[in-house]
Every structure is written in structure tokens, then in C-alpha cells.
Amino acid sequence: MAQIIGGLGTSHVPSIGVALDRGLAGSDDWKPFFDGYDYPQKWMRDQRPDIAVVIFNDHGNSFFLDRVPTFAVGVADNYAPVDEGWGPRNIPSFKGAADLGWHFADQLVESHFDPMICREIEVDHGLQVPMELFCGRPDEGGEWPVKVLPIWVNTIQFPIPTPQRCWEMGEVLRRAIESFPGDDRVVIMGTGGLSHQLQGRRAGFLNPDADRQWLDTIASDPDHWRNMTREDYVETFGSEGAELMMWLVMRAAMNRDVSMLHKHYFVPASMTGAGCVVLENA
Amino acid sequence: MAQIIGGLGTSHVPSIGVALDRGLAGSDDWKPFFDGYDYPQKWMRDQRPDIAVVIFNDHGNSFFLDRVPTFAVGVADNYAPVDEGWGPRNIPSFKGAADLGWHFADQLVESHFDPMICREIEVDHGLQVPMELFCGRPDEGGEWPVKVLPIWVNTIQFPIPTPQRCWEMGEVLRRAIESFPGDDRVVIMGTGGLSHQLQGRRAGFLNPDADRQWLDTIASDPDHWRNMTREDYVETFGSEGAELMMWLVMRAAMNRDVSMLHKHYFVPASMTGAGCVVLENA
Amino acid sequence: MANAPDDQNQPGTDIPPTPLLDRDSNLRGYKLNKMAMSLGAPESRQAFKADEDAYLRRFGLDDATRAAVAARDWHEMVRLGGNLFFILKISAVDPVPITSIGAAQAGMSHEDFLKERLGK
Amino acid sequence: MANAPDDQNQPGTDIPPTPLLDRDSNLRGYKLNKMAMSLGAPESRQAFKADEDAYLRRFGLDDATRAAVAARDWHEMVRLGGNLFFILKISAVDPVPITSIGAAQAGMSHEDFLKERLGK
């Protein structure tokens, strides 16, 4: 059966992709941010996962407000980067782990989840940026080193799902991976956050203390975060920082006891608290 | 608070709409079928509901296989009849009960359901036909006598939801209606079935015995039907007859004890076992 | 789940007794179903009528599938992954009764199908 | 849930401290957001650039909303129900830093916003 080799958490701020596009990763402004991803990139090279499950939210790029799915699961063979208004980015498309996608969809529905199942869809920076941060950008003409299984969570239009529901989906994800025939090595990427708010008079809100507490305790005390309400997330991390609850899907798919191999924080990346963690089952 | 005044179950076979379009409702072939709807139409006129919640499946008209939602909830102000390939039908659009739709969506997500929320979408015969059967077709230039809250259930692409999950959604629907401010009178229409199969060597499969047992016991012994598997539904009612499980959403929203005021069966309507029930809380 | 046993299997046909729209037939019939779905728009129906083969090629249908559509071979279209709800839109272009399509699925004459399956 | 208290409220502005994309703002800003969403396609961006006002009218935007878009008034667009993820696509047509848009939301000068909110 397939095996979960680790859980990664990361921000997916679009400006990170822009900095990479413009070759600014080594600039004074950005270097301290990108340096924190050297370890996760080495970990990925050493661990050689076959599949990355990426939990993220669309940002009004693949879904419009006419039809908003609470959870969506990708079963496509291929996911092209979506044009977010700036034209196509010069990165390769993502090969889909379609078999695992269908298996997960089956498990979800049987477990009384109600996903939308997507066979033809593009992916925005919510998936692109974590892949670039953890895998590095492929050389011209190259490919990503892993297939992806995208899981979209609506964090934009209310009602957004509860942190508790995100956690429960992570439990099903674990069962799905561990019952998936073959010997694929699977890494789970929870993405989004950390604290930020883009609109309203509180725009520019950052909460570095809460961000640091999140990174310090997501491994050791996930229940603290699991038990918070959606309102708590908005208040603590800002309206867009509430995305952070998507890390719970990843955390719930891991063991109760995990080792935190790496932790990194940087503020502000654009208007956002940013960082990452690398977890392995203890 | 709003009030559930009754639950209706009915087939939604497209040929019923065609028969109405062609003025064949009084023909020898169709009259015995349509006669069974005299009582429900009178019941609707007497009961004067404000809102009809219509549970149905799309038949490859509003959703394609690129993105298949397990459950979808309408929050639109208006739903036009979709062109199913035969051109637009000469029936008025359906006014949406958008407030109740949002309230239900909120309750669903809070109750750990994961609906797609639809604000701009058309409706196929799965909603049109039940409305015509129960309300009669409005006069030229007229309007439907009730607003609608459409609930789409995927019964086409596997994995389809379990009968148990449909039941649970009905329980949330009840809570949503009974906590909805105002004094709207709400009727719930569970639609689909009865036995039919359109494809494969078993095409033309009908099961009048099972259909009659369904109509006889959906009021008195819903647990029998609630406890069946998806496989049981396909085997008993045919691959497309498995739609019948959508009646469970309606039945679960009613009291344990209900009175069956009316029951009607006719076979075959086109290639389908067809009929209806009228239930009130006892 | 697929393929409940069926005493009425016809020899020489390879549609399962109860085909379900699962992962495999989604994959197999995706282009055909997508072409058929497009016929919900009047402009597309016009384009289909004006030059059917060109229309089918635009959706990337292979030779076997184009031939099945051209012949209105409902049995073959389903065997190639078509789902009835989508391919019914092809039947709306030159109307044909759904019972004929059912008979083709069952591998029976229309008359036998009406009598034996629908009791008419 | 909406509108957590905020000590930094600016007088004279009527965007709530923490606007959420709920039923009301979905309704209020639907056409504006739909127009902005369309700018994900290069052809649409061209049409927008070629004749902006005609493009906005095509989406049925009212006078106030067209004026807010024309002025690139990010504060007013959000007040009218625009959601930042959508209206950012307008900012991609004539690029403007997201921090300027943030400053407009907060009702602050760009410099004050960078210093006071982002600590730069």
C-alpha cells in the first residue's frame, strides 16, 4: 500500500511566484524568506516522494462565485497553471495522480463527504507556489518531480468549512492513502496563511505572535487549533489568513505524535506572515 | 419560523414534459398517468405553499463530467429551464427562494456537509417535470405559484452518495426550514425513479413489484429503504432508477410518523415505472 | 458494483448488463460525451448539422467513435464510453424514440423490446 | 462573524474592518466580480484595454461601479461589493502594487501603511 512519508506546511503567497519569475529570490528583500526552504527542498530530494497531495484554496481563478464547491478533488491527468490576469507563467503543467484522486473520492463519498470531482481544471498560485517552494522550479523543458493530487477548500465565500471538518477530511485522506494499492510514497502539503488580511479597514493586519505560536505547536498540540472556530481564525489570522485551517487537513493525516524537522518564519512576505514546517510521523 | 406542510414524491421522466408540450396529457396512453396527479394538484391549491424544495439530479444538462458536485444547493433569484438539446421549452422560469437557500447552505456546512453553492445555473427536467405535475403548467405569461429551492444530488457519476447520506441531508433540511425566520409554508418534493434502466443489456428493466413496495412503505417503513446500499438500489430499481434514493431526503425531513394521503403508480411511462405520493406529518 | 447479473444477456454484445458511469467509462467516453454535451447550445447543433464530421473532429473523436455517431449506433456509442444522458442530445438532432435507443442497448428489435421489456 | 472590532478604524470610510464575502457582498458585487473574473482571459483584457467603458457596460455595471473602476478606486470597489481576489485582475491590466491597494482599503497613505501595518 502507499505510504505517507511526511507532512509539509507552507504559505502560498502569489508574490513568492512573482519574485521567482523576476529572479529576485536572491535579493536582500527575499533571500531570508527563500533560505528557509533549503531544508525542505533537500528533504524532498532525499525522500523522493512519488505524489504530492496539495491542499489549497482557489483565489477566484478556477472557480467563480456562480458555483462554489466547499471541497473539490482533482482526478485529472494534467493541471495547467491558470492565467490569473498576468498571462501564463513559464512553469510546466502538473501531472495528476488520477488513480489516487479517484480512490480518495470514493473513500470520501463513502465516509459521507460531498466533494466536487474535477477532471478538467487549472490550478492557481495556491498549488503552484508550494510546488515551487518545495520542489524548486524545473529547468526549461523539465518536469515536476512528483505527481499531484489537488484538494481545493473554499476559504473565500462564506459559509467556509469549519476547522473541525478540515480535520475530518484529513483523517479520510490518511485512510485513502494507506489503502491505496502499490508502493507510492506520498507527501501531504497543507498550504495557506499565515496571518494576512487584504481588504477592509483592517487590511495589512499581521499577527506574528500568533503565527509563531502556530508554527511552534502545530506538531505538538494540534487540538488547540482544531478546536478553534472559523470566527477565531478570522480574528486571529485575518480574513485571508483564515486559510491556515487548511494545514489541519495535512496535520490530521499524520500520526498524533510527529517530529518537527524544520520550522521557518518570515514577515512580511508582501502583506503576509509566511513560513513553513516539515513533519514526519514519530 | 417556516413550516413544513408536506412531502411529495414523484417521478420526473422527461417524456412527461414532452407529453405536456404536445398536448397529449388527455390521450389514451397518458391519461391514466396524469389522472393520478389530480389529487396532489388539489392538495397544492388547498395548502398554498410559498416555497417548494425540489430534490433532483441533473441529467448531463447543467453539469458536465468536468466538474461533478455530489450535492449542490441553489441560492439564485431565478432558474431558467435549460436547453436539453430540443430547444427551450415554453414554460416560465422558476423564482428562487434565495434566502432559504443561503440559510440551508449555512446549516449544511455547519453540520459538516460540503455542498456546492450555485448562484447562476439552469434547471433540467428533473425540476421542471415535478413542478408541472404538482402545480400544473402556468397560463401563457403566468408564473409558478411557489418559489423553488433546488437541491441537486449526483446520481450519475460514481461515486454517487449513499442512501444514508441522503437521509442525513434531509435531517439538516428539516432543521434549516424549522429555523428559518418568517412564516413561509414549505413543501418538499423528492423526485426521481421509479424503476428504469436506459443503458446496457439490461436496458428497459422495470421492477413493478419493487416500485409498488416502495410506494406502499416509504411512509410507514422508511428504515427499510434507508438501510439499503447504493448497489441494492441499482440492482432493485435499475441504474437510472437508483435516483429513487433522492426521495429519502424528503422522507427524512418529515416526522417519523406520517399520513399517506395519496399514492399513484403507472407503468411504463416511456421506459420507466412512474408515480407519486402525498405525505403529511401525523 | 458494476454489472449486476442479468439473465437476459444477449450473446455477441459487449455492453455490460448494467454499465455505470465510473472512472473507466468517464475516461473512455470523455470526448464523445463532451461533444454530445455541447449540443445543448443551438449554435452547436447548427454547426453539427452543417458539417457533422468536421464538428466531431473538432472534439478530437477517433475514427471508431466518429463512425458510431455517423451511424447513430447507440450500442456502439455506449460501448465506447458514451453515457446515455449525453448522447441523447445527438438523438435530439434527428429525433428518434428513446425506446429505439433502449432496444439497441438491449440488442433487441424495437418490437421485441417493447413487448418483452416494457410489456407493451 | 463579520466585522471584528478594530481600533484602527478610519473615520469617513464605510468598509467594515473585516469584510467577509458573504451572501450580501456576493449579491452586491456580483456583476463587478464577474467582469473582473473575465479578465483572466487575454482576449478580455484586450477588449477591456481597447474600450474600457464599453467593456464595463457589457457586464451591466452601474454608473457608480463604472466610475470606481475607471478611477481604480480600490476602496470604493470593495465598498460596492468587489472582492479583492477578483478585482486584483483589474490591477493586472495596469500594474499597481498590492500594498497600494491594501493602503486604499485601510484608508491610509501608502507610506503610512507600509510603516504602521507592515513594519517596513
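Each chain gets a letter, A, B, C and D, in the order it is written, and its residues are counted from 1.
We take it that a residue touches a chain if its C-beta (ideal position, glycine included) is under 8 Å from a C-beta of that chain, and two chains touch if they have at least 3 such contacts.
Keep in mind that what you see is a predicted model, and the values were worked out from it rather than measured.
In this assembly, the C-alpha centroid of chain A lies 41 Å from the C-alpha centroid of chain C.
Chain A and chain D have CA centres that are 26 Å apart. With touch defined as above, residues shared between interfaces to two or more other chains in chain D number as follows: 23, 26, 30. Residue numbers of chain B whose C-beta contacts span two or more other chains: 65-66, 119, 157. Viewed as a contact network, the protein chains fit none of the simple shapes, being neither a path, a ring, a star nor fully connected.
The full set of touching chain pairs reads A-B, A-C, A-D, B-C, B-D. Chain A meets chain D in the complex at residues 15, 59-61, 64-66, 82-87, 156-158, 197-206, 230-231, 234-235, 238-239, 267-268, 270-271. Residue ranges of chain D in contact with chain A, taken from their complex: 1, 4, 6, 8-10, 13, 15-23, 26, 30, 33-34, 37, 39-42, 45, 78, 83-86, 88-89, 91-93, 98-99, 101-103, 105-107, 113, 116-120.
By the touch criterion stated above, chain C contacts chain A in their complex at residues 23, 26, 30.
Touching chain B in their complex are the following residues of chain A: 65-72, 105-106, 109-110, 112-121, 157, 159-162, 164-165, 168.
Every residue of chain A that touches chain C in the complex is listed here, in rising order: 75, 102, 119.
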